[in-house]
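Lettered A, B, C and D in written order, each chain numbered from 1.
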Amino acid sequence: MSIFIDASTRVLVQGITGNEGSFWTSHMIEMGTEVVAGVTPGKEGQRVHGVPVFHTVRRALEHHGADAAMLFVPPRFTKDAVFEALDSGIRKIVTVADGIPLHEALEIRSAAKACNALVIGGNTSGVISPGKAMMGMFPYWIKRVYAPGRIGVMTRSGSLTNEIASMVVAAGFGISTLVGVGGDSVPGTRFAEVMKLFESDPETDALVIIGELGGTMEEEAAELIASGGCTKPAAAFLGGRTAPEGKRMGHAGAITSGGKGSVREKVAALRDAGVLVAERPSQVGECLKAIMRKGAAGYAEN
Amino acid sequence: MSIFIDASTRVLVQGITGNEGSFWTSHMIEMGTEVVAGVTPGKEGQRVHGVPVFHTVRRALEHHGADAAMLFVPPRFTKDAVFEALDSGIRKIVTVADGIPLHEALEIRSAAKACNALVIGGNTSGVISPGKAMMGMFPYWIKRVYAPGRIGVMTRSGSLTNEIASMVVAAGFGISTLVGVGGDSVPGTRFAEVMKLFESDPETDALVIIGELGGTMEEEAAELIASGGCTKPAAAFLGGRTAPEGKRMGHAGAITSGGKGSVREKVAALRDAGVLVAERPSQVGECLKAIMRKGAAGYAEN
Amino acid sequence: MNLFEYQAKELFREAGIPVPQSRLITGTEDIAQAAKSLPLPWMLKAQVLQGGRGKANLIRKAADLQQAQREASDLFASPTGVRTVLVEEIVPFTRELYVSVTVDPVEAKILVLASSSGGVEVETLSQSAPEKLLSLHLEPGKKLLPFQARNLAYGLGLEGKSAISCSTVLVKLFELCAGADAELAEINPLFVTSEGEVIAGDGKIIIDDNAVFRQPRFQMTRDHFSSEVEYAAAQEGIPYLQFDGDISLMCAGAGLTTTVFDLIHDEGSSVANYLEFGGPNYRKAVRAMELCLANPSKVILIVTFGTIARADVMAQGIVDAVRQLKPDRPVVTCIRGTNEEEAFAVLRTAGLEPIFDTEEAVKKAVALTRGEGQV
Amino acid sequence: MNLFEYQAKELFREAGIPVPQSRLITGTEDIAQAAKSLPLPWMLKAQVLQGGRGKANLIRKAADLQQAQREASDLFASPTGVRTVLVEEIVPFTRELYVSVTVDPVEAKILVLASSSGGVEVETLSQSAPEKLLSLHLEPGKKLLPFQARNLAYGLGLEGKSAISCSTVLVKLFELCAGADAELAEINPLFVTSEGEVIAGDGKIIIDDNAVFRQPRFQMTRDHFSSEVEYAAAQEGIPYLQFDGDISLMCAGAGLTTTVFDLIHDEGSSVANYLEFGGPNYRKAVRAMELCLANPSKVILIVTFGTIARADVMAQGIVDAVRQLKPDRPVVTCIRGTNEEEAFAVLRTAGLEPIFDTEEAVKKAVALTRGEGQV
């Protein structure tokens, strides 16, 4: 299967009766995702696009097995919903909520780490394996962006991801899985953790990292590659190369302070680790082609 | 060695410069206890009865190895002192403080359980292995009470312990180790946990349980014996047989509520498990003699 | 420290837990004033700390003002000593639940309990219908999360709005328990109305005595005690319980005092008061004996076996007390422990015959209550 | 949200962290009044959010009233836009420390930092003297215990009273951080006086923007912004940054906007303002364009690649905005994503030529700033 989700993954949707939950549930189903149940307190007995709704995760799981939880829950209730899923034994969670309080995001990641769970998000579009399944909100209907293939993509951004993914596809490649780790300063899962999954994924040949200023996720990715923890060829594009110090560029996590988190440092770290970094979106396709050739050459040498 | 402490146990004293800490440190040393260092923030460089004082446990341990911590610390600071000892890797702690807030006592026991530590107390006289070593405040100088021997004693009380111990000694026995688990409603360590230590202690032949109304420690002890977790012969004395419902008899833990915690139930449970329960202090010696005979007979039968 | 129902409900209200409208009155004369702002019919609830107020007829219903005045004056005249009455609107309900937060000393966790059979004691519940009693353990320091509260509420069979209301109350009660340093925070019954609202019908909160120093809001007042002597002892910090028997206990050490209490009953006698002057109070012999003398007991029995509470110091205190207070009844002394030989000598100087054995001392005291063996 | 120094110190004071005596003034005329209750000499500290105020000459010393008035009027006349000045007593100190509480997103823990070299930026510290920077990680939800604070304080080489004072401050700062939903709570420098007292010399607190809803005490005011446009955008909830270049960005998606920002600079041009009208704001094209027009920019560049922020809806918004606002400068549009074909049609109806490629759009906009390729 793909690294996070495929057509056999049984997905539970928390917050399924809301506008967003209902809308994207129908798209997740349309794309082939197996949505087994939904949860909204007080709405048990309803159905949303044919999916039965339960008051609680616990009650839903009495009737339906689930491997993953998709959260369409407002940011202030996200911690509760994540803990509810974890408490019921679910170990793969995606939350799209934009605006999770920082200290709660910290608790979410801490709890996930403690029980070896993966929480993707918040402030993300989610995870998609084009042609197979989706947890989140992607315009999979735009085929020039979300075509299936063997490139693993990781990103902190939303619309920039559409931009870069379109370049990947334009260059003749497709996407195995795309993971949006989200734009918050404390995402539940970090690049380096996603890369480990891609590393052991037989369906992924190469990686594209879509980064930006702020934080240290790109540096951690570079460190993982440098230490041999990820051996697949990787290309990257990073936004915010010319961003001024101390200004938050849209995302909570996209800020440099005291010289830390600058794209210059990130690019240097990635390049030192052997990642081919594109200067502009339109170079991403060429970079991919180059690393794939190099990768093939590398294989030939062995 | 004895179950908790003997002459080779290196003891650190937290709160050593206070009146109580200083007074009982001198007695602990006099009795043969190896007190290696003391801790009082702000008093590093002093000596108390020859024992060097440090600001923190961490700094003390940079100079002296320690196996156990003895706390003469006011109740409001006890949680901090226990956590400080645990944080430095000490796994045997005795705290005599009377008045530890309940929710902090809960945190103390929870933390101790989480790292497999033994915290004895609060609201206790501590632990003594007569003739060897002492952590706490016992009148070891009264030889008709604290004579060495092969009986393990567990108690929730202070002065009643002196009373019962005097009966044990009067009957011709002596004490291997006496553990005061304390009179609080959430002691750090419970009877059943102490009994497991006595069970594997080659220096202890039989047990005396000094219980009282309230809580479920005696029932847990009975359950442990009934389930085969403690096979040594045991006698018991329990105070509060005629105590009225709902009245707190001195100790925080000594209260029955809604019929729970009555001595009648405890005695029934202990007797069902084969414990010989004395009706009055003066019967304790006879009970001990009886179980020792029976125990010997039991061995002969095998 | 036990809080009165009205105090518990005050905390509930502040925590956002719905409670019935009410007025607190301290005399029948307050009834008319209460009626101005609180529509009848009412429940009149005596504010006493004992359980089972219903059975003890300490809760009355009043349909109109006349009846309210009658019932109130009856309650205030109760031999139990009713000093305040809570006048409360009657809440129509469709169900009664039980919810509480307490500590589990074995697991070292916070314990949340909920049952769909409210209105009865939790001990009864746990015996009669344990399957109806839901429980949840939480690590100390953790909060009850809304989803956990919802699991309990739906587990009780609640639906619709009542499930949400109940889980909200559970979260708030949990926070209240930790914030108030409570041993127990209980709502029983928690009414469920036909509109799906929940309202705390009765409340019980016990503040941890070891934490009252940081809960300055509630103080022990005269209302907490059934006698002046108990109140005076509490203000002195001396553990004291009032009984109505023959022997005043003035002992040191909770376990030993309790044991002497048993031994007296074994001998067929009875206790006038339980008093402990050990630990931090071991120099307060005079005050302790004064409290004993405030009882119509026949004998004062003093038993100690102290370590830090040195026998000689206590003996000297007792001698001072006897000289100063000149007790009108016999005093039996059994003082052992650190420096016990010196203690014996001190007692003898005052003409008090030291006894060495607890049970002998008890027998002596009991005999004295019967006029035997007068010293 | 960044707090001003005076706000941070207000929180410190309430938390029991000692701060210098001070008065906040909003004009030179307040100086005389301040002098009545605050003895000179003083520090005059401009209340602006930028770092490095010392180097920027935004902190002045005043020995007497005349000097104070001179320095204050100078500060208020600063081009930075100084609206308030903190007048503070001068604290004589023997040492300066650094202490802070922040979050570690990798470990998912709270991070406490302390250094014996205060008064410099922590980033400098961590590079120049990492051995002097002590750190401690705590699980979220846990409190900093006094012993942990003492380990840090003694670790800094403090002794006697100053060690105790410093550890007390650490415990309080830690609680403040969690209680105020802070991303960062920093005291730098923390003065140590010759008497062993510690006093917060300067303070920096950043409240988590995602939690300001439950921290109602501090609101973003005009003082937080360097221009009216920025303030107006913030009130609208539209992410906006003020620059002084040629191209007004009106894009959707933080990452994409930031990338366009880079591309413009790569082309040798400059940005007038960064503005994001994606996500919840994707129907606010009119308001967004209004904000862009408030700048003296030469071109408005619109780039989007939306999913939920549908291309056709955004295109319609842009068309409405152009019709309504009649921009006095060229508008370049590059609108892709959900329903992009419909979007192209909509744009064309209004005479806007849709560009499909981001880099092409950027090039076009830059050319337009140079008067080339006018549409």
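By definition in this document, a residue touches a chain if its C-beta (ideal position, glycine included) is under 8 Å from a C-beta of that chain, and two chains touch if they have at least 3 such contacts.
For clarity, every value in this text was computed on a predicted model and none was experimentally measured.
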item: Any chain in contact with chain A as well as chain C; value: D
item: Each chain counted as touching chain A and chain D at once; value: C
item: Comparison of B-D and B-C (more C-beta pairs in contact); value: B-C
item: Whole-Å gap separating chain B and chain C, where each centre is the average of the chain's CA atoms; value: 28
item: Rounded Å distance, chain A centre to chain B centre (Cα mean); value: 55
item: Numbers and ranges of chain A residues touching at least 2 other chains; value: none
item: Multi-chain contact residues (two or more partners), chain C; value: 141
item: Touch-based graph of the chains, sorted into line, ring, star, complete or other; value: other
item: Chains that touch, pairwise; value: A-C, A-D, B-C, B-D, C-D
item: In the complex with chain C, residue positions of chain A that touch it; value: 41-42, 55-59, 77, 79-81, 83-84, 87
item: In the complex with chain A, residue positions of chain C that touch it; value: 145-148, 150-151, 154, 160-161, 163-164
item: Chain D - residues contacting chain C, complex; value: 141-142
item: Residues of chain A defined as touching chain D within the complex; value: 75-76, 98-103, 106-107, 109-110, 113, 125, 137-139, 141-142, 155-163, 166, 183, 185-187, 190, 210, 212-213, 215-216, 220, 237, 239-243, 246-247, 249-252, 254, 257-260, 279-282
item: Contacting residues of chain D [partner chain A, same complex]; value: 50-51, 103, 105-106, 108-110, 121-124, 139-141, 178, 181, 183, 208-211, 213-214, 239, 241, 252-259, 261-263, 265-266, 274, 276, 278-279, 304-309, 336-338, 340, 357-359
